[in-house]
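Heads up, the next two complexes both have chain A, just with different partners, chain B and then chain C.
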Partner chain A sequence: MSLEQIILAYGMIPRGVIALVAGAALGLSGAILQTVLRNPIADPTTLGISSGAQLSLVLTTILAPDLLMAGRWPIAMSGAVLAAALVMTAGARRAFAPVTMVVVGMLVALTASAIATAVTLAQGEYLLSLVIWNGGSLVQQDWSGVQALTLVLSLGGAAAALLARPLRVLSLGIEGASGLGLNVAAVRLAGIAVAVALAGAVSAELGLIGFVGLAGPALARSLGARSIPERLVLSTILGALILSVCDGLVLIVAGTSGEMFPTGALTGLIGGPLMIWLLPRLRGSTPPGTEAAEGPAPRRDRPMPLLLTLLAMLLAAAMLLVGIGRVPGGWAILDAQSFADFLPMRLPRLIAAASAGAALATAGAILQRLTGNPLASPEVLGVSGGASLGFAIVVYAFAAPSGAMLYAGTMTGGVIALAVVGAYVFRRDMPTERILLAGIAVSSLASAVLSAMMASGDAKSWTVLAWLSGSSATVLMPGALGLLSVASAIWIAAVAGRRWLAILPLGHGVSAGLSLPLRGARLSLILLAGIATGAATVLVGPLSFVGLMAPHLARRFGLALPGLHVTGAALIGALLMTLADFGARMAGFPYELPLGLFASLIGAPWLFWLIMRGQR
Partner chain B sequence: MTTLFSINDLCVDVPGRRLLEGVTLDLPRNRVIGLIGHNGSGKSTLLKVLARQIASTGSVQFEGTPLPDWSAREYARRLAFLPQSPPSAEGMLVRELVALGRYPWHGALGRFSPEDDAYVRVAMAECGIAPFADRLVDTLSGGERQRCWLAMMVAQQASTLLLDEPTSALDIAHAVEVMRLVRKMCQDRQRSAIVVLHEVNMAARFCDHIVALKDGRIALDGAPADLMHAEALHDIFSLRMEILTRGDGQRVAVPA
Partner chain C sequence: MTPKTEERGSLSRRAFISAAGLALAAATSGRADPGGPRLAAIDWAMLETAVAIGHMPVAACELIRFRAESPTPAIPADVVDLGLRGAPNFELLQLVRPDLILISPYYTRYESRLSRLAPVLNLPFYIPGEPPLPKALSALGDLATAVDDTSSAIKAHTRAKAELDAIADELSGFADRPLCLINIGDARHLRAFGFDSLFGSVISRLGLTNAWEGRTRFSFLAPVPIEQLATMPEARVVIVGEVPAHAQRSLARAKLWKALPPVSDGRLYQLPEVNAFGGLPSALRFARVLRDALIRQQTVQL
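For the complex of A and B:
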C-alpha cells in the first residue's frame, strides 16, 4: 500500500466510522438518561459523567501512569461511575428534580475540570496529550477503537431494547410505575448503568465529546418521536449523524493542518446554544426545583455580636497572616522591622483576596435568595465562563496584550455572558431556576471554546491555564483598592435591596401582589451578582466555591434576615479567601499555588457534603 | 358606587387553548364573593387577571378605573392577592412576614416608620396571631400560617382581598376557621373579598355572592340561594346533586 492508501485505510476511514459509532452511543446514552430521569436536558455532559471519566484519566496519567498499562477503559469507566453515583445520589434526595440534577451535574463537572487543571499545571510535561484528549479528538490510527466501541454499542443497544418497555411504564412517574408493579429502583439503576457504560466507553476511547447526547434526543423529539422505542432508535441514529457532520466540518475547516483540532470542542459549541434554545421548552410539570436547603436553620436573636466577631476575626487574621511566614527549614514570626518591610508587599494581595471573597459571597447570597435554590452560586451564572473566554480571546488574538487589554477583554466577556442570562430574566414567567440553567449553558459553551483553544498546543495556553487557576501574587495596590471599592459598593447595594431579597423568595404571586417590580428587581439583582462575580473573577479565576460556601455558613450561623445574611456572608467570604490566600502562599513553599485553585480545593469537599446532605 | 370590578368581554388565551371566553360581569363591593367551578373552569385564571398577574384582552375596571391605568403601588395599596399554597417563608418571624405587607407603602428604601409598625400590630391582632408574633412562620400549623398571610394582606391596608383557594391545604376545622376570619374581616371593616373555593357548601355558607364558571364562561352569577338548586349545580359541575335542608334551614348539597 502507498502512504495515501495507508492513511485512508487506517486513518480516515476508521475516523469516519468511529464518528458514527460514538455519536450513536452518545445519542442512545442521552436518550436513556432523559427517559429514566424524565429530564429533557439530561445527558452525559450535563450530569457530569464525562467529566468524571476525564478527571480519573488525568489523575491516573499524572499520578500513577503504571495503571494505564491495563488500558484507559477501566479507569475512565470508574471515573464515570463515581461521578454518576454522586450526581444520582444527590438527585435521589431531591426527587430527581431536573434543574437541580443539572445544577449538581455541572458543579461536579466544573469541580472535576478544576482539579484536572490543577494537576495539569503542576505536571506540565503531559499537558499537550492531555488537552487534546480532553477536547475529544477523533483522530484514529487503526481499527481497534472502532471495534471496541461497536461492541459496546451493540451490547448497549440490546440492553436498551430490553429496557424499552419498563422505561415506558417508568415515564408515568414513580408512584404510577410502582403502582403497576414495576421495580422502579432496579429499572432506574439498569438504565443509568447502560447510559454510563456507553458514555464512559466513548470517553475512554475519544475523550470529552459534549452535548451529542443532548442534541440527538432533542432533535428526535422535535421530529415527532413520541413512543419510547421510537425515541431511543431515532436518537441513536441522529446522534451518529450529528457527530459525523461535526467531524466533517472540523475536517473541512481545519484541513489537514488542523488534524489535531478536537471535534468535541465543536460539539460543545453547538451544545451551549442548543441548551439555551431548549430551556424555555422544558415542561412546567416537572417537580419543583426549589427546595428547603437544609431543614430549619437556626435563627439568632441578637446577630450583632456575631457580625462584630466575624469582623474582628477578619482583621486579626489579616494582621496575623501578614506577620507569619515560612522560611527555609521552618516557620517564622516577623519582628516589627520586617513586618513594616513586608506590609507594602503583602497588603495589596490581602486586600484583593478579601475583597474578592466578599464580592463572591455577596453575589452568592443574592443568587441563592433570588432563585430560592441553595445550589445557586456565581460559578453557575456564566459570568466567569464568559470572562475566561474574553481573557483567552485577547491572549490569542494579540501578540503581546497589555494588562489593560486583558482586563477589557475579561470584562467584555463577562458582560456578554451576563446579557444572555439577563435576556432570560425578561421573559415572562420564566422560573428563576431556569435563569441558572441559562448561566450553565453559557459556562459550558465557554469551556468548550476554551478547550478547543488550548488544544492548539500553543504556548499561550499556559497563560490562559495559569489565569484560570487564579492568582493574587501579581496584584498591585490600585487594583486591590479598585476591587475593594467594587465589593463595598455591591455590599451596600445588596443591603439596600434587602426588602427585595426578603420578598422575592416568596415567589412570583406574592411579589407581584406587593407591587414589587419583578423584572426590574430580578434584572438589577442579577446584574449586581454578575458585576461582583466578574470583578472577583479577574483576580481569583472562575472557580472558588466561596460564593457557595459563605452564604450557607452565614445562614447556618443563624443570620436569617436578608441584610444580615448578606453582611455575614460577605465577612465570611472575605475571611475564607484571606485564609485561602495564606494557604496558597504557604502550602507549596517556596512556590506559590494559585489562589483560586487552592480555594476550590477547600471548597470542593464542602460542596459534596452539601450535595449529600440533601433534603430532609 | 357599589361596583368593585366591572369586567367586559374578558378573554384569556394560552397557546392552543382559550381559558376565559367573553366574561362580562359586575362584582359588588363590600361582599364576600365566591368563585367556584370545575377544575380548569378558569376560576383561578379570572382571579389572576383581577390581581393583574396575567395578560388578558377585553376591559376590566377596578373602582371605576381601568386596570392598566393603576400604578403598581397604588393597586397594591387598594388590593391584596394571596396565591394558592403560599411558599414557605424560610427563616422568617411572623411579625416580619406581616411587615412585608407594608412594602407598597414604604417601598424598597423608605423608612419603616412607627406608623407602619402600628399597622402591623393591628393586623396581627385582627387575625388573632399576636401571640405568635415572635415565632418562626415555618413552625406554625397550616391554619395559623394562613392567618399570618391574611394578616399580611391586612397590613397592606387593602380594602379588597383576592384569595386563591385559601382553604385547599387545610383540614375542615382550619378551613372553617379561616373562612370565618375572612368573613369577619369583610363585615367589620367594610372590606371586599373574592375567594376561589372548591367546595360548594363552603361557598354557600360563607359567601354573600357566587360567581360560577364553566369552561371559561359564566355559568351563574347570583346569591348563594340561587346556587343551591339541583339544576344549577348540574349546570356547573355536570353532576347530579341532591339538596338537603338542615334543621336551621341552611341547605347543603351532596352528590346524588
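For the complex of A and C:
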C-alpha cells in the first residue's frame, strides 16, 4: 500500500467509524440512564461519570504512570464506576430526584476536574497527553480502538435489548413495578452498570466527549420516539450521527484554517444551550415532594453569644496567622521589624481572603434557602464559569494583559453569565431549583470553551490553568478593601432581605398570599448571590466549596432564622477562608498553593459527607 | 505532590524571621559575583540568561523542576527556591532582598507587585511568529547592561557564536534533508516545533531546514495528529524528550506510524529532555545534543 492508502485505511476510515461507534455508545448510555432514572437531563457528563474517569487517568498519569502500561481502560473504568457509585448512592438517598442527581453529578464533576487541575499544577508540568485527553480527540492510527468500542457497543446493545422490557415495567413507577414482581433495585443497577461501562469505554479510548448522551435521547424524544425500545434504538443512531457531524465540522475547520481542535470540545459546546432548552421540559417529570429541603434545623435560643464567639475567633485567627510564618529551615514568629516589612503584603491578602469567604458564604446561604437544596452552592450558579471564560479571553486576546484588564474581563464574563441566568429566572416561572440547572448549563458551556482553548493552546493555557485554581498572592490593598466593601454590602443586603428569605422557600401560594413580588424578590436575591460570587471568584478562582460548607455549619450551630443564618455563615466563611489562606501559604513552602485549590481540598470531603448523608 | 524543599524544622521562638533573612542574605552573597547586584529570576529563560553571563541569581522559581529538566546549567544548592513560577512566594522574595527581579511578559501581571520589592527587568523571549534565539542573544546584552557588566555579555555572545558556528560546520552534511522536531504526546498526537520555537530557531541558525517551516501560525504547543508526518516523507524526525510509556507501547504496533517513511527508513532520532522555553544555555545544549545524535547516527526504534 502507498502511504496515502495507509493513511486512508488506518487513519481516516477508522476515525469516521469510531465517531459513529463512540457516538452510538454515548447515545445508548444516555438513553439508558434517562430511562432508568426517569430523568431527561441525565447523561454520562451531567452525572459526573466522565469526570471520574478523567480524574483517575490524570492521577495515574502523574503518580503511577507504570499502571498505564496495561492501557487506559482499567484506570478510566474504575474512575467512572467510582463516580457513578457516588452519584447513585446520593441519588438513592434522595429518591433519584432528577435535579438533585444532576446537581450532585455536576458537583462531583467540578470537584474531580479541580483536583485534576491541582495535581497537574503541583507537578509543575504541562502534560500534553492530558490536554489531548481532556479535549477528546478522535484521531486514529489503527483499528484497535474501533474494535474495542464495537465490542463494548454490541455487548451494551444486547444488554439494553434484554433490559428494554423490565425498563418498560419500571416506567410504571416503583410501586407498580414491584407490584408486578419486578426487582426494581436489580433492574436499576443493571441499567446503570451498562450505561457506565459504555461511557467509561469511550472515555478510556477517546477522552472526554461531553453531552452526546444528552443530545441523542433529547433529539429522539422530540422526533416522537415514545416507547422505550424505540427511544433506545433512535438515541443510539442519533448519537452516532451527532458525533459524526461534529467530527466532520472539526475536519472541515482543520482543512480550511489549519486550526486543529479536538472534537470533544465541540460537543461540549452544544451541552450548555441544550440543557437550557431542555429545562422547561423537565416540568412534571419530578414526583412531587422529592426535591424537598432538609428537615427542620435545630434552633438556638440565644444566638448572640455564638455570633460573638465566631467573630472573636475570626479576629484571633487573623492576629495569630499574620504573625507566624515559615522560613527555609523552620517556623518563625515575626519580630517587630519583619512584621512591619510583611504587613503590607499579608494584610491585603488576609482581608481579601476573609472577605471572599464571607461573600461566598453569604451567596451560598441565599441560594440554599432560596432553592431548599442543601447542595446549592455558588459554584453551580454559572457566574464562576462566565468569569473564568472572561479571564481566559483576555489572556488569549492580548499579548501581555495587565492586572486591570484581567479584572475587567473576569467581571464582564461573570456579569454576562449572571444576566443569562437572571433572564432565565425572570422569563420562566419555574421551580427555583431549576435555576441551578441554568447556572450549570452556563458553567458547562464555559468549561467546554476553556478546554477547546487549552487544547489548541500555547503557554497561555498555563496562565489560565493557574488562575482557575485561584491565587490570592497578587491582591493589593485597594483590591482587598474593595472586596471587603462588596462583602459587607452584600451581607447588609441579605440581612435586609431576611423576610424574603424566610417566605420564598415556603412556595408560591404563601408568597402570593403575603403579596410578595415573587419574581422581583427571586431575581434580586439571585443577583445578590451572583455579584458576591463574581467578586470572590476574581480572588479565589471558580471553586472553593466555602459557599457550600459555611451555610451548613451555621445551620448546624442552630442559626435558623434567615438574618442570623446569613450572618453566621458569613463569619464562618471568613474564618474558613482565612485558615485556608494560611494553609495554602504554609503547606508546601516555599511553593504557594492556590487559595481556591486549598479551600477545595478542605471542602471536598465535606461535600462527600453531605452527599452520602442523604436527607433527614 | 507538594514539593518538599527543606527538612521539617522545629518551631523555634528564637528563629526570628529577620535573623533568618539576614542569614539568607549572608549565605547567598559570598558567591558568584560579590560585587554584582543580587538577582532573583522568576522566569526560567531569564534565569538561564543570568547564568550565561556569569551572574548566578540568589533566588529563582521552581528549581526542583528546573534541575530535573536541565542538567546544565547547574544551579548551586544555595540558590533559594521561590516556589511556583505562576505563584512566586513574595515574602520569601522579600527576605532574599534582591536588587533586580527578572521576568518575561508571561509574568507582566505581577510586575507592579514585584516592583515594590525591587526594580524589575522584563525581557521578551517567546512571541508567536518571531524566532526566539535572536531574542535570547540580545537578552544577554540587556541584562548585562542592567547589572553594569557589559563585557560579560560580549564574552558570552562570542562564545555562543563560536560554538554555534562549529556545530553548524559539523552538521553541514545534514542539510540535504529537512528536520522535523517533535514531541510525542500520546500514540496519536505530537506537537511540532516550528520556526518560532527555541529549537526551530536554533536549527535555522545551524543552517538546517525545518520541515514545519511556515506550516502553522504558531507552532509549538498545539497537538497535531500524527498522520501529519506523512506530508514530509523526506524529513529526519527528531523526538525531543521522553516518549510516554503508554504511547511507546501503542506506537510499536501502529500500522500508520510504522509506515511513515522516516520511521520505516530509520531516520528517527531521540534527544534527552531540553527546556523548550529556556534561554541561551538551553539553545546551546539543544544544539549539542542534536549534533551528537545526528553525527553518531543515534537512530531509535519505537
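Operating definition for what follows: the second predicted complex is superposed on the first by the 594 of 616 C-alpha atoms of A that agree within 3 Å, B and C clash if a C-alpha of one lies under 4 Å from a C-alpha of the other, contacts with A are read in each partner's own complex, and residues count from 1 in each chain.
In this section, a residue touches a chain if its C-beta (ideal position, glycine included) is under 8 Å from a C-beta of that chain, and two chains touch if they have at least 3 such contacts.
Given the structure is predicted, the values throughout are model-derived calculations rather than measurements.
Asks: Could you say whether A:605 touches chain B, chain C, both of them, or neither, answering first, second, both or neither?
Replies: Touch partners of A:605: none, neither chain B nor chain C.
Asks: A:520 contacts which: chain B (first), chain C (second), both, neither?
Replies: Neither: A:520 stays clear of chain B and chain C.
Asks: Between chain B (first) and chain C (second), which, if any, makes contact with A:506: first, second, both or neither?
Replies: It touches chain B, and chain C stays clear.
Asks: As a test of reading the superposition: which chain, chain B or chain C, is in touch with more residues of chain A?
Replies: Of chain B and chain C, more residues of chain A lie in contact with C.
Asks: With both complexes overlaid on chain A, does A:333 touch chain B (first), chain C (second), both or neither?
Replies: A:333 contacts chain C only, not chain B.
Asks: Which partner chains sit in contact with A:6 here, chain B, chain C, both or neither? Use first/second/both/neither.
Replies: Only chain C is touched by A:6; chain B is not.
Asks: A:139 contacts which: chain B (first), chain C (second), both, neither?
Replies: Once the two structures are laid over each other on A, A:139 reaches chain C alone.
Asks: Using the touch definition from the top, say if A:299 reaches chain B (first), chain C (second), both or neither.
Replies: In the superposed model, A:299 contacts chain B only, not chain C.
Asks: Return the residues of chain A at which the contacts from chain B and from chain C coincide.
Replies: Looking at chain A, the two contact sets are disjoint.
Asks: Where on chain C does chain A make contact in their complex?
Replies: Residues 1-6, 8-13, 15-18, 20-21, 24, 62, 64-65, 80-92, 94-95, 105-106, 108-110, 112-113, 116, 126-128, 183, 185-189, 191, 215-218, 220-227, 230, 233, 244-247, 249-250, 253-257, 259-261, 277.
Asks: Okay, in this complex, where on chain A does chain C touch?
Replies: 1, 3-4, 6-7, 10-11, 62-63, 65-66, 68-69, 71-72, 119, 121-126, 128-129, 131-133, 137, 139-142, 144, 258, 260, 325, 327-335, 337-338, 341-342, 344-346, 399-403, 406, 455-459, 461-463, 466, 471, 473-474, 476, 587-594
Asks: Over in the complex, which chain B residues touch chain A? Could you list them?
Replies: Those in contact with chain A are residues 51-53, 72-73, 75-77, 80-84, 86-93, 96, 100-101, 103-104, 108-109, 136, 138-139, 156, 164.
Asks: Mind pulling up the chain A residues that touch chain B in the complex?
Replies: So the residues of chain A in touch with chain B come to 292-293, 296-297, 299, 372, 496-497, 499-500, 502-503, 505-510, 512-517, 555, 560-561.
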